[in-house]
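Can you keep this structure in mind? I'll have questions shortly.
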Amino acid sequence: MVALLQVQNLSVGLPFSAPLLDAISFDIAESERVGLVGASGCGKSLTAGTLCGLLRTPLRVLAGSIRLDGTSLTDASPATWRAARGRSVFQIFQSPGTALTPVRRVGTQLAEAAQIAGRDTKAAVSQALDAVALQPDVTGLFPYQLSGGMKQRVLIAMALILRPRLLIADEPTTGLDVLTEHDILTALNTAADETGASVLFISHDLRAVRRIATRTLVMHAGRLVEDADIADLAISKAPAARALATAATALQNPC
Amino acid sequence: MKHVSFFARTTAATLLCLPLAFSAALAENALTIAVKQDRYSVDPEKFTFTTRRPAAQIVETAVKPDENFLPAPLLFQDWDYADGTYTVTLREGVTFSDGTPLNADSTIAALKLYDTGKSDFLQIDQDSFEKLGEYQISFASETGSALVIENMTHRGTSLFGPSEDRAANPVGTGPYLLESYDPNQQITVVRNEAYWGDAPYVDQLTFRFIADDNARLLALQNGEIDIIGEVTPQMLLSMPQDGSVVLHESRPIRYVAMMTNINGEAPFDIMQDRQVREALAWAIDRETIASVLYAGRGEPAKGILPGWMFNLGDTHTDGFGYDTAKAADLLEAAGWTLGSDGIREKDGRKLTLRLVAAYPNVSTVKPMPEMLEQMFADVGVDIDLVEVDDSGVYGSTYLDTGEADLYLEFASNNNTDPTYLLNNLFTTTTPWGGYKFFAPGAHVDALLSDGRKAQTRDEVIEKVRAAHRAIVQDDLVAIPILMVPNFALSRPGVDVPMSEYADWIDYGNVTMVNQ
Amino acid sequence: MIERHLSLPALRFGLRGGRFGLMMGVALLLGFVVLGLSPLFVDIAPPAQMDLLARLAGPSDTHPLGTDHLGRDVLSRLIHAVPVSLGAAFATMLAILAIALPWGVIAAVAGGRVDMVMMRLADIIMAFPTLVLALAIIGFMGASLQASIIGIAAAWWPSNARMVRALVLSASQRDFVRAAYLSGASRLRVIVRHILPQVLPPLAVIISLETASVLLALSALSFLGIGAQPPTPEWGAMLNQARPFFSQAPHMLLVPGLAVTAAVLALNLIGEGLRDLLDTREPYEW
Amino acid sequence: MLDIQGLTKTFYGRAWLRDVSLSIAKGEVVGLIGRSGAGKSTLARCLTGLETADTGTITLNSETITPGRGAARQQMQYLWQDPTQSLSPYLTAQNTVLETLNGFGIGPRAQRLKQARSLLATFDLPQDSFTRRTHALSGGQCQRVALARALAAEPQVLILDEPLSSLDLAAQLSTIRLLQDIHRKRATTMLIVSHDLAPLRHLAHRIVVLDDARIVEDLPMSCFATQAQNPLSRAYAQTLQTDQAEAASLSAHRETEPATGGA
Amino acid sequence: MLRFILIRLAVAVPTLLGMSVVAFAIVAIAPGDPVMMELRALGVVPKPEDIAALRAEYGLDQPFLLRYLDWLGRAVQLDLGTSIATGRSVVTEIAMRLPATLSLAVSALIGAVLVSVVFGVCALSRNRGVAACMRGLTILLVSIPSFWLALLFIYLFVLTIGWGRLVSDGTWSDLILPALTLGLGAGASLGRVVYERIRAELSEDHIRLAIAKGLAPRRILISHIAPRIVGPLATAWANTFGALLGGVVIVESIFGWPGLGQLILQAIAQRDFPVIQAYLVFMGLIFFTMSILADIVVFFTDPQLRRTLSDD
């Protein structure tokens, strides 16, 4: 079976300088959930951005290829990217507080997603809200009236409406308290279950990754250093992966 | 709410006025004349000497100036002066535009308007009016002047008929009737079919008010107007030489001169020294100024009254040539020695003079002030140049206060009274007290006072000559620079009958070749 | 986290148009400085010296930029106008800052009622259109260069004071500023070491752009004849004098006009260039 | 030692603290947890003068103090949530610490630079980072500089606002170790605000749970998991148990691959 | 809504009073005695009793505060005195020319807004060349003095090509050149604001989400950026309108547009203080009204502000 996402030797950076992402290769299969972990600044978010075509100038893809759902996205035109975004790949970001357009009602923004996905607006929105355990009346609210956790659930609802083949979640729980984090991760799993989407879950926190995925990619300083089951990180050959596992264990065990 | 309706009304009013702009172009034999400012008035309360002048085509004066600058009959058929009393015979068969006949009663009423207008220019004794017959009246001068009739050639003394609202509905005996008045935009007059005299040639005259000198000239070049009535030296400098614009001129009549403040208080007391005044007089290169400015039509002046006028002649004044060495010597003699920075000093004080340019506004002489500044700099005199664009500011801020050393003026004796200009500017005996800062003193007061009361014309002229010499030569309170004609500019094919008195240019009889 | 490293200005140097513009602006301004100082080194005809026989002459060897309506050398007048025109603009800006800086800083630092009263006073002035207020003040003082400097300074300072206040306020609300105070730095040290360095770069942008607008306004007033009075060489006044002759002697009109444009452009380029360099935002591409 | 009585704070029409009272003994480390918006940070900020409580008194060593003013400014130090934001980009690491030493007049003037450097050194910061501006340091290093600055003031109470939430795992762990170390050496009284109970297990003696601007639970750490009554407290206790279960799966290989250690 | 407007107006009252003090003070402390000016306009020699009578008529024997209150009382009834130069009521003088100035300023504003959107959006084009050119052109247009541009336009369009007239009398066709002159410069500086605002929005997280959703640029611009920037832009429009009210003075005198510009320049030359004062009052009021309108737009486009203000 051909993988849904194939990343081959992907390098990203500024022209004429050391790449910030260095020859990254990995595949994600249909409906597979994969964690991507690493310390701050290792290039996790940059990877996510590259997969969505959201690199900011002057950053650009220097080498390598991305194939998503059979389409090559390497050097794709803005129009190709636009067609791929939302339906093939969708991303949920860190900092839910600012992710929604402040001046538009939540319902409008969800309806917009339904239009892109070509689905019946009303049904899709209420179904999605139900799936992430939000009241239907949030559609009439503006983002500032929602808490951080609710906003993140709205984003997951948006993913449910869009039904992308690949859903990227970039540190979706950073800044949320631990109880809310739990709700969000549950909602994310529900969304993946319902849409059958593959998930690339990015976090620095193994504890959160564990709730979503078993297969874990570990990045260190712009390189992919490990691709293993989360339980095997502690015996990884890559020091970065071992360090992560150790830190996670030490933090979670009582001393 | 008040605002809303207020704006709505003004907007509506403006929109309604728009079609008027086009009517001028449609009329046959119509003429558009550009003038600088809207001086037409307005409020009957403020119906003054100055504000009457713009109605020149609608109302007429009692007498008009002839070629030799003697009053000639117009509404007054005949007049006589004896023992302080004027006896006047009116022209018969003249009616005001509202049908009121011009007779003794209406004439006395018109002359009496001066007092209601708070203007005392003619100085007629208001209680002396007498109706001697249907067409004959008499009156006396308040001051015993023998020149009241001569002063009536001033457009400001035009006779208005009875009217409730003289602003909106001026009633006169003139060749034109007010058609429309759009404040600060334009005023249009049309031929008065019932005019008593010779019918004018042009059917309709439109005076457009265009404040910007440059815009007036460009508008003429662009064919948007036919004639420019107020021509400035800048316009003459920049006037195209290809025949697309035609210059019309009268005999030289306007003087350009610097009045000197001889009675000022420090720091404006330098000009009290006659040697300094004379030095300045010698430092002016009049030939160059004359050749550059006013299209070369001006003449270096020896006085402020042209020699041809009233047969004054030009031998009674000597004038000053251009001699910087002499100017420098005079300044040295006065104790002003050259400092290291090229400016003369005396007792630690710089020879800096404030020159206010100009009456009636600076554009009438520009760029002469800068040229003068440069010429005075050559003899070590520093000029603090103040340019004013309004005679009111000129008067109230500098002239009345004496807060300047030199006052550049561009004006003329613009009626047939030979004493008019000198008496108004250089005596202390006028109703407004004269301009005390450059009045030479009692001897000139006496000369002009005698002149105004003299019984014969020759006697008048003799006194005027003496006073004129005192002013521009002996006392040198006015440093003459140029004598300049009246100008008009027109498109080709237009012939403007020029007059030495700007107010008397007969636009109604402008002839056009290729209308 | 990777964005944090990318937003270091050093990395972005040379990658944006702002730097090119900044260089051009600085070069232009330096050009004006050199031009303005040139009478000290090169023999140039006095700006008021007339050659009435060579009026309105086009460019020639003796008069590289031609002469004006009084036969004065246009180049000389242009050069001598540099200290007048630019000097007046900088003097005005200095006057504006002299009011706006203390006003804005005091309002921001004092806060509370003092802040409210000070800003309300500034609002009153700001409620008038700036140039309209400047015109009224000139009308009240009588037309002169001094009056237009005062008029413009009086009309321009409140908006600058507001900007200064906003800058100081946002700077003083940064965590590290409050942290510095809580961990022992004195108020003065907080202002000097922690707030001022933040405020200065954006202030440089504001000063540069505002000087440009002040220069435009001053030359406009001179052009209208209510600013610098002749024969003072000043670009706007030169243009005013050139107006009647613009079909005969277009050089009289072109040269000072270009000078004003270039000077304003220089200041705008510097302002915009600095702003680009300080801008750490990275827009997404759609 | 630190006694908070009846603290109330309302703004934007919402109560952030309702009659909060809390006493902390000398040398005690108190963990303050709650959901976001429960008022945890507001309480911490009221204690340092960043915000002013509407009512209530704060006493330190039986003396009523105004937070952020006078002696209290030195005695109660605050550690900001995001260390990269709370360090001046215009100062080097050692000057940041020096500023505090100078500001509070700690130690002889001539010795202060040395003192600052040695303080930074005890916080495991490499020598070459002392003279670097703080934006060139990583998040974990910034946190150390910030801690060094706070401790340079020799405070009686250290208030830490979410000291871990903006750090990655390794930095979290090392910060915890550092805080343990500090407490061991100096016995500093601490109030640690956190949204997560897990890291507090390593640090806090006592857990205080804040919900909707009120204190709903106040228990020693040792018996929190077993004795907590409030539903929110129970939810937190629950997270501890899942964590431990999951951690077991991670540490299954620990025996086979020893001695690799933390960051 | 009504509540907001009431609050806004209540806040405006002290500012309006402050403005009236400024406007009054400009004439009250102006050099030159209004009595003497009045007499000068009449062309008569004042007798001491005339002066005293006129001083009493003007209330000049009263203290400043009383004079101010008296003036304010008359001002609210639109009685701002009489022009020294023409003797007409200054309100009439202003009213005669205000429509022309307003139509010029408004058409220039409309032009400027259109130009600014073109400039702002093009400067953000993906095509680097187009973007750089537009930014350069924007800065250049901002830097060209309007009076110089006006002269260049006259030279080009009126004298060389022969479109348009020099002496306008207020017809719409005469409006094109002056409005273009003003609109280009103002449009360029507004374009700078549009560019900055859109760029700022483009750096925001919510735009990243909109892009990630797969929205087309036009949709993002219209539905996600436009509602956010309309408020700040409305403020910028109001400020531009204020700048245009001043800027018209410059082009009015060049194009001979019969607006307030000529009046105020003349008033300055003639030291016609009542006209200057009325001009200041009217322009201030118009600008102030525009600012309030802009505030209302800001209010409408910011749901959070809308709620806080209607809840409190």
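Letters A, B, C, D and E mark the chains in the order given here, with residues in each chain numbered from 1 onward.
Following the convention adopted for this analysis, contacts are C-beta pairs under 8 Å (C-beta built on N, C-alpha and C of every residue); 3 or more make two chains touch, one makes a residue touch a chain.
Owing to the predicted nature of the structure, the values given are computational and were not obtained by experimental measurement.
Colleague: Once the contact rule is applied, which chains count as partners of both chain B and chain E?
Modeller: Intersection of chain B and chain E contact lists gives C.
Colleague: Compute the centre of every chain as the mean of its C-alpha atoms, then state which one is farthest from the centre of chain D.
Modeller: Comparing chain centres, B lies farthest from chain D.
Colleague: Where are there more C-beta contacts: A-C or C-E?
Modeller: Pair with the higher count of C-beta contacts: C-E.
Colleague: Where the CA atoms of chain C average out and where those of chain D average out, how many Å apart are those spots?
Modeller: 49
Colleague: What is the distance in Å between the mean C-alpha positions of chain B and chain D?
Modeller: Distance between chain centres, rounded to whole Å: 90 Å.
Colleague: Between chain A and chain E, tell me the centre distance in angstrom, where each centre is the average of that chain's C-alpha atoms.
Modeller: Measuring from centre to centre gives 50 Å for this pair.
Colleague: Taking the mean of the CA coordinates per chain, how far is chain D from chain E in Å?
Modeller: Comparing mean C-alpha positions, chain E is 54 Å from chain D.
Colleague: Chain A: which residues touch two or more other chains?
Modeller: 40-41, 54, 78
Colleague: Would you mind listing the residues of chain C that make contact with two or more other chains?
Modeller: 1, 4, 142, 225, 243, 247, 282-286
Colleague: Mind pulling the chain D residues that touch 2 or more other chains?
Modeller: Only 139 qualify.
Colleague: Which part of chain C faces chain B closely enough to touch in the complex?
Modeller: Chain C reaches chain B through residues 48-50, 52, 55, 69-70, 142, 225, 229-231, 241, 243-245, 247-248.
Colleague: Which bits of chain E are touching chain B when the two form their complex?
Modeller: 32, 36-37, 40-45, 78, 84-88, 93, 95-100, 154, 158-159, 165-167, 169-171, 253-254, 256, 258, 262-263, 265-266, 269-271
Colleague: Which residues of chain C touch chain D once you look at their complex with the stated criterion?
Modeller: 1, 4, 8, 174-186, 189, 193-194, 197
Colleague: Note which residues of chain A are touching chain E in the complex, please.
Modeller: That would be residues 52, 54, 78, 82-87, 90-91, 93, 95, 98-104, 112-113, 116, 142, 144-145, 155, 158, 162 of chain A.
Colleague: Once bound in the complex, which stretches of chain E touch chain C?
Modeller: Within the complex, chain E touches chain C at residues 14-16, 18-19, 21-23, 26-27, 30, 124, 126, 132, 135-136, 139-140, 142-148, 151-152, 155, 159, 192, 199-200, 202-203, 207-208, 211, 216-217, 220, 242-243, 245-247, 249-250, 253, 264-265, 267-269, 271, 273, 276-277, 279-280, 283-284, 287-288, 291.
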